[in-house]
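Look at the two complexes coming up: chain A is in both, with chain B in one and chain C in the other.
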Partner chain A sequence: MTGLCGLALLSFVRRPKLRSFATILAAALILWGSLAGAGHFAALLMQESPPTARASLGPAFWTLAVAILAIADAMQRGNFVIPARVCIGAAFCAGFFLMAAAGDFDDLSLAKEFSNNRGIFVTELLRHLGLVCAATFFALLIGVPLTMLVLRKTAVAGFVFASLGILQTIPSIALFGVLIAPMSKLSEQLPFLRDLGINGTGPAPAIIALTLYSLLPLVRGFYTGLSEVAREVKDAATAIGFGARQMFIEVELPLAMPALLSGLRVVTIQAIGLASVAALIGAGGLGTFIFQGIGQYALDLVLVGALPVILLALLANFFFEMLLGLARRKL
Partner chain B sequence: MIELRNVSKSFGATPAVADFSLKIENGAFFVLAGPSGCGKSTVLRMINAMIVPGKGQIEVDGQDIRAMEPEKLRRSIGYVIQSAGLFPHWTAADNVLAVPRLLKWSPSRCAARLDALVALLRIDPALLDRYPRQLSGGQQQRIGVARALAADPDIVLMDEPFAALDPVSRAELQDELRGIHARSGKTIVFVTHDMDEALRLATGMAVMNGGRLIQTGSPASILLAPVDDFVRDFLGGESLQLRLLDLVPVEKLMKPGKTKATETIAAGASLKNALNLMLARRRSFLGVEDASGKRLGEIHLNDIVARRDAN
Partner chain C sequence: MRTDRRSLIAAMIRLARRPGLWLMVLLIAVIFLMPAAGPLMRWLFPGVPRPVYTRASFFELTLAHAELVAISSLAAAVIGIGFGIFVTRESGREFAPMAGAIAATGQTFPPVAVLALTIPVLGYGAAPAIAALCLYAIFPIIAATITGIESVPAPTRDAAMGMGFAPRDILWRIELPLAFPFILAGLRNAVIINIGTAAIGSAAGALSLGSPIIEGLSASNPAYVLEGAVIVALLAVAADRCFAWLEDLSRHGGLEQPG
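Right, the complex of A and B next:
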């Protein structure tokens, strides 16, 4: 409560840097405070209940979400230098893990759910990351040459963006579903694909779908970034004798870097979210817990899947923010 | 020497430069002048192969530029544009050294060259570590000129380099450039549509219109004998006569001998300066003195009005 009041009061502090810093502190207080409180009350409740009962996180839990958002926002506004950001991030995780290690959460159902699934959790987390990395990799593999093509031949740009735009509008479940039929046909016809483990269901169609979704934001981001490098600068570079390759490496790439990173950030975060849906076609990932939880009406199981997805997205965002900060420093 | 022979270039259907022939001697400060859109930049960019002419031939030092590797040719020709076009992600020093680094000069040679350029263009060394956005327009343009001169090219192309500057920085950079040209004997091809700038700098000049060459010659010869109304109007229309006065030094019209004049003017000043001073002080004649203040003679309003230019 004190933390919340503090947070409200802080909006009156004038100096932006100080305000950001204080906001982070207050939010951290709320976060740790309510987590510890939740663990404490759960333990109290559990003393009087049979061991199969579960203590779920109530609405108070959602103040946590507000606290996390406040922290993320304050970090953005405070415009802290990168080492400071890393320290703040690390301090959080450390606090969280210390509390977990001390057994503060042991009686919370979320923690119970988590420890029940600990073995598969790691596997599914890694699978989720695998899907995201593979999709991003293939999106780059196809997207970079596609960007080059669109930059060179403006005539095809309209066509490429229109097609990618249509892909983007297909609902994700539909796209995953649509891919099942042709993929199973393909693996029936070509035995070597089957040997590689490529089927109508499983990771292969999931990666294909995620890659297709990634293409539009990637190509659009890269295209705008590279085409917005000031013409006079490129002109001057040509005029004093830069060749095409030197121009790309020494002028276009560094100047477009912030835009390229922004594009990649959108793609990665989008893939982290969409990869949850991949569980529906048997590709695994954190979505497994979400859909199982929905099936069993076990909200905490849903959270075991959903919270890490959110955290991953925040982490990816943080990571790209850092890279962007580095890239922008000179511009 | 730069020579263009019957060069034409069209963008789509509209011709930008048509049947253009021009010889620019070594060591010239050659000004290309003409109204907006007449093809000045196109001519300049054809000289360093940024634009390939549709027809005709361009030679630099007797060699057809089509036979040269474009990047190599460009590294041997300095180039400055209006907005400086500095690389925003490089410091001023890195910008200046762009071409030497493309040419793979050793770091020590680069450092020595940087020092020389800083001295030559009177660049404040404190500016060297700044990024272009941290520099004023005048400072940026100074860096732009230094970058063009960095690899000591024999030819420098300048496309309205000072057009965006305030009058003070412009005059400063013009003086700097004129000094560098006089000392180095480089060939400078300079595009401008500012007639005063053209007259102040040029040793030779060409007036273009609609992609064609209308007249070439020394600034004075063009001012004295414009071939047609277009050139006359372009050179200043009604103020043409005043511009002409700018070209003639006082000593040319001075009557040598003793003088009782109370107002004096330097022998090297222009007739325009003299006329200005006469109007300001309500005099019909002025004393003329040399740099040491010794009186040489006097100059009379009547002589200015009745002069027949002998340039």
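Right, the complex of A and C next:
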């Protein structure tokens, strides 16, 4: 509480750079203080309770979200350079891991749930990433030729975008559900597909659905990127003797890079979120913990799935933001 | 008289060209014909003992689903548009960068994860689903409201001020009408995502079109899954087309009256 008041008082400090720095420090104190406090009180509670009791994080847990928000806001206002941001982020992670290593959280049920599932957690995390990577790969495989087609024949562009748009509006759970029937029929008819492990449920339909969802943002990003390269620039490049290939590599690609990266960013973040729904059709991934937790009234298990999904999405966002910054600076 | 009739016919033809209308008709037909789909489902999935979901009628499920989406989107629209207006006023300008950052970060949160985070706080049932949907829908609406109001050209605002418009009149008669297409686009985005997330909300005990899907998945009954999935998909696509129609109307209709 005192930390929060301090945070409010800090807004009166005049110099902006100093203010944002102080805000970060104060928010960090709240963050670490409340985490340590939670661990400490959980330990105290557990000394007096039977070993099967659990200490969950209460709604006060959301204070942490406020602290994190304050840090992010301060960073935005302080206008720190990217290396400084990375350092601050790294310092937070380091502090968190140090506390975890010291055993501060051992008595929190979230940590217990996590350590109970540590082995599965890593496999599910890898499966989640595998689903995302596979979907992005196939989306690129289909999306790049599709973009070329749309760029060459403007007549098909409307049709392609309209059908991809309709596909995009279909809710993920519905698309997964609709795919089950034809996929299981297909694997019944064609035994070699079944030998490959392609079935009505499992990773195969999940990857198909994720790929379909990835196509629209991908093709739209690539299309706007490449079609907005100015006519004059291309004419100038032709005039100084650039061939078609050299033009693409040295002129069009670098100029379109920011739009290409934004398309890829949307694809990746969307796939990270949708892959957690794929757990419903048995494709695995972090969603397994979410839906298992919901089914078994084990709410800490839900968090074991949900928090890493959010962190993954934020990390992907940050990564692409940096790449975008680099691509823009190169121009 | 004749021209009246001709314009009426022309209007009806224009209406009939709207895919949103036909999708709505199809949606309603599917909802009411689904109970009769037993033979079809039996043919598709021969091994399934009970081919049609009967725990609740599909009409009931669709209504519950629409209710979840409508309540949460309405609340999100009030909060989101209000907040968007606040940060574009003189008194709230201090918070504008933060609002932009929150809206951008919030949209990277997967909707399922937001739903999962509200369950430990609010428990099971419709409440966490509505809260999660509302929370998630706020972000695109804030972003759209800010973009919309900021897209109003400064000369337009200056002209209005020169004509003696009070700040309140500028907001209601200039900024909001001009920002309306943007806000509508944000709302469309939010509603479509919410239709999908509401279906997943039935995993947490909220009654929706996701109920047959979730039950079918856990009881290995692909017929239930297909029935729920088809109606949810139709609902989402129909809602999207209706919003597209509204967006057309707001662009070509009489809503833009600068000055």
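Definition applied: the second predicted complex is superposed on the first by the 292 of 331 C-alpha atoms of A that agree within 3 Å, B and C clash if a C-alpha of one lies under 4 Å from a C-alpha of the other, contacts with A are read in each partner's own complex, and residues count from 1 in each chain.
We take it that a contact is a pair of C-beta atoms (placed from the backbone, for glycine too) under 8 Å apart; a residue touches a chain by one contact, two chains touch by 3 or more.
Not measured: the values here are computed from a predicted model.
In the model built by aligning both structures on chain A, chain B fits alongside chain C without clashing.
Using the contact criterion defined above for the overlaid structures, shared-chain residue A:210 touches neither chain B nor chain C, since it reaches no partner. Once chain A of one complex is fitted onto chain A of the other, the partner contacts of A:236 are limited to chain B, with no touch recorded for chain C. In the superposed model, A:131 makes contact with neither chain B nor chain C.
Once chain A of one complex is fitted onto chain A of the other, the partner contacts of A:254 are limited to chain B, with no touch recorded for chain C. When the two structures are aligned on the shared chain, A:290 is found in touch with chain C, with no touch to chain B. One of chain B and chain C touches more residues of chain A, and that partner is C. Once the two complexes are laid over each other on the shared chain, residue contacts for A:166 go to chain C alone; chain B is not touched. In the superposition on chain A, A:180 makes contact with chain C only, while chain B stays out of contact range. Measuring from the middle, so to speak, at the Cα centre of chain A, the directions to chain B and chain C differ by 90 degrees in steps of 10.
Closest approach of chain B to chain C, taken over C-alpha atoms in the A-based superposition, is 25 Å. Contact residues of chain A toward chain C in the complex are 56, 59, 62, 69, 72-73, 76-77, 166, 169-178, 180-181, 184, 200, 269, 272-274, 276-277, 280-281, 287, 290-291, 293-295, 299-300, 302-303, 305-307, 309-310, 313-314, 316-317. Against chain A, in their complex, chain B makes its touches with residues 45, 48, 50, 71-75, 78-79, 81, 83-89, 98-99, 102, 131, 147-148.
On chain A, the positions that touch chain B within their shared complex are 230, 232-233, 235-243, 246, 251, 254-255, 330-331. Remark: chain C residues 44-45, 97-98, 101-102, 105, 108-113, 116-117, 119-121, 192, 195-197, 199-200, 203-204, 210, 213-214, 216-217, 222, 225-226, 228-230, 232-233, 236-237, 240 touch chain A in the complex.
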